[in-house]
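Same chain, two partners: chain A is paired with chain B first, then with chain C.
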Partner chain A sequence: MADTAAHLDGNSLAGPLSEILAVEPTAAWWRCPECARSGPLAELHVYGPEPGLTARCPGCAYIALRLVREDGYAWLTMGSAAGAFRFPTA
Partner chain B sequence: MTSFSPGFQGRGRRPADRLPPGQYPTEQFPVLSAGPTPKVPTATWEFTVTTERGATHRWSWEQMMALPQEDTVHDIHCVTRWTKFDTHWRGVPLDVFLAEVDTSADFAVVAGHGGYTTNLPLQDLRDGRAWLVHSYDGYPLSPEHGGPARLLVPHLYFWKSAKWVRGLRLTHEDEPGFWEGAGYHDYGDPWREQRTWGD
Partner chain C sequence: MRPVPWRPARLLARSPQTPTARTLVFSVPGWPGHLPGQHVDVRLTAADGYRAVRSYSLAAPADGERVELGVQSVPGGEVSPYLADVLPVDALVEVRGPLGNWFVLRPGTLAPVLLVAGGAGVVPLVSMVRAHRAAALRGPLRLLYSVRGPDDLWYREQWADRHADFDLALLYTRVAPPGDRRGPERITARDLAAAAAALGPDGTAYVCGPTGFVESAADLLTGLGVDPATVRTERFG
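Now for the complex of A and B:
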């Protein structure tokens, strides 16, 4: 897989997701519906943070989640389809 | 050929008049990515327009480069609040491609290599307001800025100007793209600050 853009590892999702999720985000496991690879959140490849965080499968780049931040809100989309949840943030 | 687009005419205006609300000017050209940068060789590159009835029109790199080219200058506005004045591009107006396409569609879904998509009204790709560009500032467009070719729709927030563009799919219904499906605005007019769904 060609990858010349910088990405962070999935631990970079811990802060932003902990504002939304009551559980510890890095405890999560994820399974890719495209290539069946599974692993902990930390293994995801994370692009952004602007215009939003995009977390992808490290094996096939399939979208795991997108997280868009704006003043007062965070928009969370799980998976590759459209349909965001808007959460108020502090 | 040189186009005299709204952005070009805007060069005579004071920068303060050219800065949409909530934006700040930058001399930089930030690179924002939502995934790996795809390597797209021009030897296999093609641009397609697929109509609402499934008819597909195709242009190879050589065919695209043989179409009428324009040099065009625009201010570009990123939803992350930076604006860059007087960016210089070269490419083919979308009107040239669409002139060959018989369609009654109202919307387009733009697709880029790597899976990126963005949606906009088809009308916004017409009338000299959108280009398929392959050069920036006199040089071939670099991969991190969407090379070998990207869309340029400077009157909308820059996420609509899809990098690594590979085609348009014309539709009767507006279908949210990559960022539009994740909270960003379906239209994205920087002068009306249409950043997210609620705007």
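Now for the complex of A and C:
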């Protein structure tokens, strides 16, 4: 995992999501509501750059989740609609 | 809830792997251990408080407080050139981990395992090879390692010292050494065919490397009839 800006995958969310989840998330199973493809969070395609990360379905690019981090907070949106949860991280 | 904590990590040693790649060994008090394939986040804090975080794969199985990372220096990068060539021995950084529970090879796996590495993607996979070497019970493990040329090969001493149940193929993409009958070219279905067939119904493939390499190698595997659900991938950009 280098400094460059091509898309990464859900493996790279392990650290950022560990700030707000108690269970290791990369093996979590997900089914795309758009194209019905399924697989683990690790296989989602992740686009940056920090501090905003967008995880998309590898099949159809539907947004699975968005994570934005700032000092003391992380904003997590599940799915492609609006409505973020703000978690304290400090 | 118990977030994965940041822990101070002291640089014990640095050694070259290639002209631009380094092994960094840290001592991390309180390190809880890890599985082959897992990674860490490394955090650097500048004097003015500016922070940068990057992910690096663990290159060796768990060994107490010793944590070995592989760092490829990326030209113009904010973090990797500093870690590769500037951070002094004995200096402190912070690490968070172990991270990832999907791209891991669990100890005691007896089914066939295929590892496909592109460039620096070999780092988490060499951790799997080293764990396999140390295991009393193990199944067949095969590594296909794609590199530009002989100068770009990481972990030479590891490959010189083969062990039972382990098979290695080096795939050169630009410059092949004398005597290499394959000749330099990018990874093809021909390179993967025998390994894909040997996976059988119970095997698992792990593919790690730059994004383009991972996508093409994973597509080649599924094109050869490997169930996509048994192909685990990790991209690093």
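Going forward, the second predicted complex is superposed on the first by the 83 of 90 C-alpha atoms of A that agree within 3 Å, B and C clash if a C-alpha of one lies under 4 Å from a C-alpha of the other, contacts with A are read in each partner's own complex, and residues count from 1 in each chain.
Here is the rule we use: a residue touches a chain if its C-beta (ideal position, glycine included) is under 8 Å from a C-beta of that chain, and two chains touch if they have at least 3 such contacts.
In this text, all values refer to a predicted model and were calculated from it rather than measured experimentally.
> Could you look at A:P51 and tell me whether it touches chain B, chain C, both or neither (first, second, both, neither)?
The answer is first: A:P51 touches chain B but not chain C.
> Name the contact category of A:T26: first (chain B only), second (chain C only), both, or neither.
A:T26: touches chain C, not chain B.
> Regarding the shared-chain residue A:T77, is it in contact with chain B (first), chain C (second), both, or neither?
Only chain B; A:T77 stays clear of chain C.
> Name the contact category of A:G15: first (chain B only), second (chain C only), both, or neither.
second
> With the two structures laid over each other on chain A, which partner does A:G39 touch: chain B (first), chain C (second), both, or neither?
second
> Overlap the chain B and chain C contact sets on chain A and report the shared residues.
Chain A residues touching both partners: 1-7, 50.
> Provide the residue numbers of chain B that touch chain A in the complex, in ascending order.
Of all residues in chain B, those touching chain A are 31-39, 78-80, 114-115, 143-144, 159, 176, 178-184, 195-198.
> Can you tell me which positions in chain A touch chain C when the two form their complex?
On the chain A side, the touching residues are 1-12, 14-15, 18-22, 24, 26-27, 39-43, 50, 89.
> Going by the contact rule at the top, pick out the chain C residues touching chain A in the complex.
1-4, 39-41, 53-57, 72, 74, 76-80, 96-97, 99-103, 120, 210-212, 229, 232-237
> Can you name the residues of chain A that touch chain B in the complex?
Within the complex, chain A touches chain B at residues 1-7, 45, 47-48, 50-52, 54, 56, 61, 63, 66, 68, 70, 73, 75, 77, 81-84, 86.
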